[in-house]
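Working notes, structure below.
By letter and in written order, the chains are A, B, C, D, E and F; residue numbering begins at 1 in each of them.
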Amino acid sequence: MSDLIEYEAACDEVRVVYDDIRATRQTEYINNFWKAIANHPPTLRRTWNTVKEVMTGPGQLDPFVRELIYIAVSVTNGCEYCIASHIAAARTKGMDDELLGELLAIVATANATNRLANGYQIPIDAQFKPEAAKQ
Amino acid sequence: MSDLIEYEAACDEVRVVYDDIRATRQTEYINNFWKAIANHPPTLRRTWNTVKEVMTGPGQLDPFVRELIYIAVSVTNGCEYCIASHIAAARTKGMDDELLGELLAIVATANATNRLANGYQIPIDAQFKPEAAKQ
Amino acid sequence: MSDLIEYEAACDEVRVVYDDIRATRQTEYINNFWKAIANHPPTLRRTWNTVKEVMTGPGQLDPFVRELIYIAVSVTNGCEYCIASHIAAARTKGMDDELLGELLAIVATANATNRLANGYQIPIDAQFKPEAAKQ
Amino acid sequence: MSDLIEYEAACDEVRVVYDDIRATRQTEYINNFWKAIANHPPTLRRTWNTVKEVMTGPGQLDPFVRELIYIAVSVTNGCEYCIASHIAAARTKGMDDELLGELLAIVATANATNRLANGYQIPIDAQFKPEAAKQ
Amino acid sequence: MSDLIEYEAACDEVRVVYDDIRATRQTEYINNFWKAIANHPPTLRRTWNTVKEVMTGPGQLDPFVRELIYIAVSVTNGCEYCIASHIAAARTKGMDDELLGELLAIVATANATNRLANGYQIPIDAQFKPEAAKQ
Amino acid sequence: MSDLIEYEAACDEVRVVYDDIRATRQTEYINNFWKAIANHPPTLRRTWNTVKEVMTGPGQLDPFVRELIYIAVSVTNGCEYCIASHIAAARTKGMDDELLGELLAIVATANATNRLANGYQIPIDAQFKPEAAKQ
């Protein structure tokens, strides 16, 4: 593991990002993900800018729904850190056991049916083909 | 590929499922996924019952949001059939290019940050640990 | 794509492998997988030696069961070529639609339950821990 | 983590499943997987019914072979809980180090050859194409 | 599929990116990847800026090595488009069959050994632990 | 977990491999990966021979670059043991935080763009098609 970079030990490029994380999230707490990737300041800068825009910027999708989608990907990939941190975040935003159960049931079902589709080598219905999909 | 099982050639166990798909979805069309897995009737029955309950049953999550979560998993796994069929389905339910773009941006970002978390071997913050998450 | 290397155009290092594939499988047919990786003869040699030993060498597992395990992995990974070629091979060895259905149902179920375990961040039972497992 | 739901604290819907797990497996022990997903009773019910039918119901595949296939998927996905619990289960059913070694060698080999097929973008042999496979 | 957005039909936000792609790569050709994600201009902008910086910006890694790493990831994930486009790109930069073979052999081997490590549930050596790694 | 097989307790087939690992790497240390897979001596023998040839044999790719490719695969797959051991190894060969950051940025970006390509179902440009790629 690279060191976790604390604010006090950070270079200016990193501090600017930390300040923006704190302002955007309205909390003093910087979680370990950012402190770890701060070992490579350009990756910290790019990643934060993307996450900020994608997860909290304007758009049709409700920020809470964005969290659910993020969790669905992380659970599919088995990323332990991302599962733990984003489920914790979603709980603070109101996700209860019922909703988590619904979410994980969809993720599990999609992972199952994805493999049935793979294994049966199913040809795509003409009407689902990309060319047809928008007509 | 196993044959695609048409209604006319199907056994009773399969027909019961096809009838329920048609009634639930209010369309005569049975897409290739079901016709393929109908080669193993118990798998057809179980899979349909689970998909029906998870994707259309009662719950906190809006059915459209469930579709987005399903697509997020399928895109992460690279399941060509499921991506094509569920994006087509979501378009008929109102997903436009803007919304698809938002969805895929979250999926892409989560896939990226999952790997940063893996690669930096980031320790889970105490407050994100499962034991702490509900307090 | 690299060219597919036909026997006539192959160097001696490749021909030795092709000859052994033909002798081992008792067929003249060399499938495209071997003709493709023959573009890098050391990879061809190593891969064939491993596949031959693992899939057809002595051991407790029946060769047909080994094929099922190989298919389970390929379906999970979504490798189109390997799914097609190994399902075709298993069919010639007696796999019918019933057995394929059973196999894919297990693969689908495992892919689903893997994600429930990920998402619920389930602690491993003491008795399942590696240290305990053999006692 | 959601709480692990013990029998004493469980609602009736969950108790019915726990009773069936105990009867089917002929053991009092309910492992953490079920106690975790019991936080969402419909997911517990559906998952148990599917696992019971797929892993222990009638079929051509020997229950021990089904375990091996389940392990192959879990190892490919890197699901730590499922690997630990199902390898422990297989050991109680007679899997020794030799057999585990054979199984993991196949899983490793398939994961390797899947990527060679991906990377060489190998065209599927005409005779392996789904349409041809059953003729 | 969303439409492929041609320069002539593109909005100004997209044209600015296309112009930069052309200038950076010194070719008129815009490949389908960019034309597809141009359906969501913010995703096009962010993705191009990141790819440009990561793949062509200053750094210790040779741009050709960066391509190899990119291919290794795409082959592992089985992303057909990315495999095809980046192998084609690497060939124009001098990758021959020998080098492609070496690359894919490493990717295949890592995918195999990753699963042996998963399946054997191997404890991390004390000296490889993140805390120790930098001492 | 299977036991870790120490040299003193190992059979001759395993000792031969351990001796070769020590000679090749010029260190007495045998890391846990080899001690674990030594539970199945044929897997140890084959895996070591392949790893030795692929990672340290003659070829165009610098051994350090081979390590980076190996890490890229392991990070994509989320293999904790392989990430820890190979990052530790790369650090002893000179990888600093800057280089690790560059590497992980490429891995993260490729994982993101792979999913954009999946989700947009992008048709492969004619000039990237395997048949065209070598002309």
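Keep in mind that, in the parts below, a residue touches a chain if its C-beta (ideal position, glycine included) is under 8 Å from a C-beta of that chain, and two chains touch if they have at least 3 such contacts.
Only a predicted model underlies this, so the values are computations on that prediction, with no experimental measurement involved.
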So if I look at the partners of subunit A and the partners of subunit C, which chains show up in both lists? B, D, E, F
Could you classify the subunit C-subunit D contact as same or different, where same means more than half of all interface residue numbers appear on both copies? same
When D-E and C-F are ranked by contacting C-beta pairs, first place goes to D-E
Outermost chain relative to subunit C, judged by CA means, is A
How far is the middle of subunit A from the middle of subunit E, if each middle is the mean of its Cα atoms, in Å? 20
Centroid distance [mean C-alpha coordinates] between subunit F and subunit A, Å: 27
At which residue positions does subunit F touch at least two other chains? 1-2, 37, 39, 42-43, 46-47, 50, 54, 76-80, 84, 87, 98, 100, 102-105, 107-109, 111-114, 116, 118, 120-121, 123, 130, 133-134
Just say which it is for the chain contacts: an open line, a closed ring, a star, complete, or other. complete
Please name which positions on subunit E make contact with subunit A in the complex. 1-3, 42, 46, 49-50, 53-54, 57, 130-131, 133-134
In the complex, subunit F residues that touch subunit A: 78, 97-98, 100-102, 104-105, 108, 121, 123
Quick check on the complex: what are the subunit D residues that touch subunit E? 71, 75-76, 78, 80, 83-84, 87, 100, 103-104, 107-109, 111-116, 118-121
Can you list the residues on subunit E that touch subunit F in the complex? 1-2, 31-33, 36-37, 39, 43, 47, 50-51, 54-55, 59-61, 65-66, 68-70, 72-74, 76-77, 79-82, 84-85, 87-88, 91, 98-99, 102-103, 105-107, 109-118, 120-125, 127-130, 132-134
In the complex with subunit E, residue positions of subunit C that touch it: 2, 37, 39-40, 42-43, 46-47, 77-79, 130
